[in-house]
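A, B, C and D are the chain letters, set down in written order, and residue numbers restart from 1 in every chain.
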Amino acid sequence: MKPFSGVFTPIITPFRGDGAIDEAGMRRNVARWMTMPLTGLVVLEADRVIDIVRSEVPRDRPLIAGTGRESTTATIAATRRAAAAGVDAVLVRTPSFFKSQMTAEVFVRHYTEVADASPVPVLLYNVTMFTGVTLPADAVATLASHPNIVGMKESGSDIGLISEYIARTPDDFTVLAGSAATLFHALCADCDGAVLALAALVPREIVGMQALLEEGRLDDARTLQRRLMPLARSVGALYGVPGLKAALELMGFAAGPPRPPLRPVSPQTIDLLRAQLDALGVLEKV
Amino acid sequence: MKPFSGVFTPIITPFRGDGAIDEAGMRRNVARWMTMPLTGLVVLEADRVIDIVRSEVPRDRPLIAGTGRESTTATIAATRRAAAAGVDAVLVRTPSFFKSQMTAEVFVRHYTEVADASPVPVLLYNVTMFTGVTLPADAVATLASHPNIVGMKESGSDIGLISEYIARTPDDFTVLAGSAATLFHALCADCDGAVLALAALVPREIVGMQALLEEGRLDDARTLQRRLMPLARSVGALYGVPGLKAALELMGFAAGPPRPPLRPVSPQTIDLLRAQLDALGVLEKV
Amino acid sequence: MKPFSGVFTPIITPFRGDGAIDEAGMRRNVARWMTMPLTGLVVLEADRVIDIVRSEVPRDRPLIAGTGRESTTATIAATRRAAAAGVDAVLVRTPSFFKSQMTAEVFVRHYTEVADASPVPVLLYNVTMFTGVTLPADAVATLASHPNIVGMKESGSDIGLISEYIARTPDDFTVLAGSAATLFHALCADCDGAVLALAALVPREIVGMQALLEEGRLDDARTLQRRLMPLARSVGALYGVPGLKAALELMGFAAGPPRPPLRPVSPQTIDLLRAQLDALGVLEKV
Amino acid sequence: MKPFSGVFTPIITPFRGDGAIDEAGMRRNVARWMTMPLTGLVVLEADRVIDIVRSEVPRDRPLIAGTGRESTTATIAATRRAAAAGVDAVLVRTPSFFKSQMTAEVFVRHYTEVADASPVPVLLYNVTMFTGVTLPADAVATLASHPNIVGMKESGSDIGLISEYIARTPDDFTVLAGSAATLFHALCADCDGAVLALAALVPREIVGMQALLEEGRLDDARTLQRRLMPLARSVGALYGVPGLKAALELMGFAAGPPRPPLRPVSPQTIDLLRAQLDALGVLEKV
């Protein structure tokens, strides 16, 4: 079994009306996710959130923290703090601000220094949609030989790039998909799992798709993907974090409002999300 | 069996040193492809070429002609001429010159008029890489209900778009892949076959990948895709038509030089292509 | 005075209801443009149209024909036919179909062979918006030293690229702007004139802007550009050729309908165009 | 005189070898810039840096702080801290992380809330190159009517967009250019000044270009732009912050190394920068 393969969900931070973190709600959310067939969780937030989440995630369930920053020094500091707080691995997004300077060489040096300094295993994280830069396959191939770099997450839907990452890394290097809308395709391409916001809502379905493909049941897996598409779009590009938060609330999770300038989705969108969740049979009956 | 499903190759036109079409060479090429497990051929060239090819392709093997032009009138005229020359279907690329005017409505009207006038079935053809426009899935969904529009070719590697075309068209609407570098993924997405220049070189392998996936042998199909990748890249984005022509010559086909301003590949590239063909075991032994 | 500097308009081909070219209308259009302060005309159409237009354009007014094709051979043939029909120069758009093969080297070879063979001076033509390729400034710098390549048209609005073309070519190399929406900026950047569809409607204003800038009246020229913007957008990206044809008809030119799949603009758009022309004071009073 | 028109430079933070801020060096830098014809300075760094800089910038020279964050709440907090530290205005980059949610409406709400809460005037800041989002001209037109939003910085080189920002805002709304490579064009378009890293090196030349254009000396201003281009490219896209830091060191400023993962430029690049500075006559003689 590859390290950190499986299905993870990045967890949102619930806020109360006054803007403070809803700690009790977050604990309840995490406890509930721990009853589900998720492999583990990813926290992207600040140190305090990591502490809360770690205290709710059993030691045998992997907890990963996002610790990427623009500077190498700040990334290493965040990584050490997360490791001290007990996370099992860190997920380090590419630096990206000075795009024209982000060469393969710069990425290799950055990740090598972070991995050298990190007390826990490092997962690379490419998310071109948000950063505007792409981790070259050459750099990934080089970095995959570092003993403390054990895998990566690729958030995009470029199936050629995903395939190249997989083809150019060793068998024990984990590649996780990050796009729910192309999950089926990424798993066909041999991804070892996924980190998906959608998995916070329908973990059984995501884990189930991986199982179907392992059995060679291509048609059934493809059909499942099509069933998931409306919700995947809603909590993805269409309504983003506000859509995800609204769907979580409908499922009984604590989510609260999105942080401004994002604002809550409309009542019509909530109705749509309810219908989409209901069509997947995941809304609890009253 | 869906109409025009299967594996097709678009055929290049061989030129002699003086720039004239090498008719004898073209006849030999076609005759040889007819001994291979290709479903049929696609000709993109002018009327004379269609005549030559048709005379070499048995009536029970489908011959498709590319007849898309910028104007609807010119497209219909080319379509009628191709039908009169005996082609079994036409493949009609999107008009694209006035990009900002190419709305879903314009595409629907264009293809509807062409399909109304065409004596043979019509296949839509989206090739964003060359045209800079994309046939919206909405337009494809509408056009798929026209009785004379039986399918489409999508040349790109955007697996999300390919999946949407398939999801939004009836079961008997054929979707053919056009990108060799993402063939495996397109077939996983449920494409009904492919139109690939690569199939002129390695038809057994392309047909074989489709067969592996029908048997649910995902790993074997993926491995085959990886074996094909170097050659797929060489005759695709890397060396283009000059690369394809050189590879065909190495295989004993008549190809001749590319048309200027394209120029023949270098001797080093020919060596690379030879090694790639040899690695696939398709070079004939002397 | 640089060769082919000044203000040109590419002329549309008027069609009758039955799809045939309205030759009489075209002659009247050309004769009327010849009464205006336009430097000359550009014809992009087939051989017959060049003949008609040449017969109406006095020998001392430059007539330029667009003769670019995908292949070098076809471009040379079209160029020779246009020269034989009496055009004063040819405007040769970049080949573009096989985008990944369109290197600076390929462009230099293509244009050099065309210029070597052309009986009349050659103008390069970069139109990235339609072709998806860009003529590199390096290639332009090299080609500008060819004795039969006297200038270029750049259709885009990338002011950095326009400036680089100008900075890297000799003083007697003509650079013409092709984007009405950024005409003021292109003239500030030192373009030697323009080839604009808008100039078919408001030639005095286009010529006038060039004059204002030559006098250093930056504010007045900028104000004029703002006045022209609504119409520039309407006959540009917004309504394209259909918008241009409608505006020409409103001005009393023969234009006819656009070729399908393009269709005529709506009555509301015609009203808008009339108001925009009227605001510029160019609609004749009844 | 419009508020905050003129020539500003964003100042880099000098680091010592051990990674700490070189406070003494920063004070010397600021004091030296204050002897130059710069209008004022922009600080993008954390609170401590603002304190240092403010203490060196006379009250009658404007100091602007960059305080944009992803969340509205964090932006307001940073803005209040900067105002408390004595800055004269804040420059607030667009939030950008959740790109598909960044609608005109979201931008308007974000900036309105920030401007309502800010004790000092607010300048909008669009920097598509780094953020991947673009502030729509519609949103700018709306925001320009807020009494506490006095202008904006546009960092790009899209001259059409810059012109639209200017055309759609009141006469007393300041638009500052942010691209040195297209400064001449932006000033022709009627920008009221610029915020340029290049101005830290050659302030007299930047201020001089603005003066030339105010006198209608278009040719001289264009010639000056061409002279500045090599250095503008070097400290811009080509070598970025490492290039800028090296150039500052050559000029005798304290700059120190860039923060990893960026690394210092090569000795060859230092030689190139020296030659470019020398060509502009701004290197002090020994």
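By our rule, a residue touches a chain if its C-beta (ideal position, glycine included) is under 8 Å from a C-beta of that chain, and two chains touch if they have at least 3 such contacts.
In this text the structure is predicted, and so the values were computed from the model without any measurement.
Q: Going by the contact rule set out at the top, which chains touch both subunit A and subunit D?
A: Joint contacts: the list comes back empty.
Q: From subunit A, which chain is the farthest off, judged by mean CA positions?
A: It is C whose centre lies farthest from that of subunit A.
Q: Express in whole angstrom the distance between the two chain centres, defined as the mean CA positions of subunit A and subunit B.
A: Each chain's C-alpha centroid was found; their separation is 38 Å.
Q: Can you compute the centre-to-centre distance for subunit B and subunit D, using the mean CA position of each chain? Integer Å is fine.
A: Using C-alpha averages as centres, the distance is 51 Å.
Q: Enumerate the residues of subunit D that touch no fewer than two other chains.
A: Within subunit D, no residue contacts more than one other chain.
Q: Mind giving me all the chain pairs that touch?
A: Those chain pairs satisfying the definition are A-B, A-D, B-C, C-D.
Q: Using the touch rule from the top, collect the residues of subunit B that touch subunit A in their complex.
A: 157-160, 163, 167, 181-182, 184-185, 188-190, 213, 216-218, 222, 225-226, 229
Q: Show which residues of subunit A lie in contact with subunit D when the two form their complex.
A: That would be residues 19, 71-73, 95, 97-101, 106-107, 109-110, 113, 129-130, 132, 237-242, 259-263 of subunit A.
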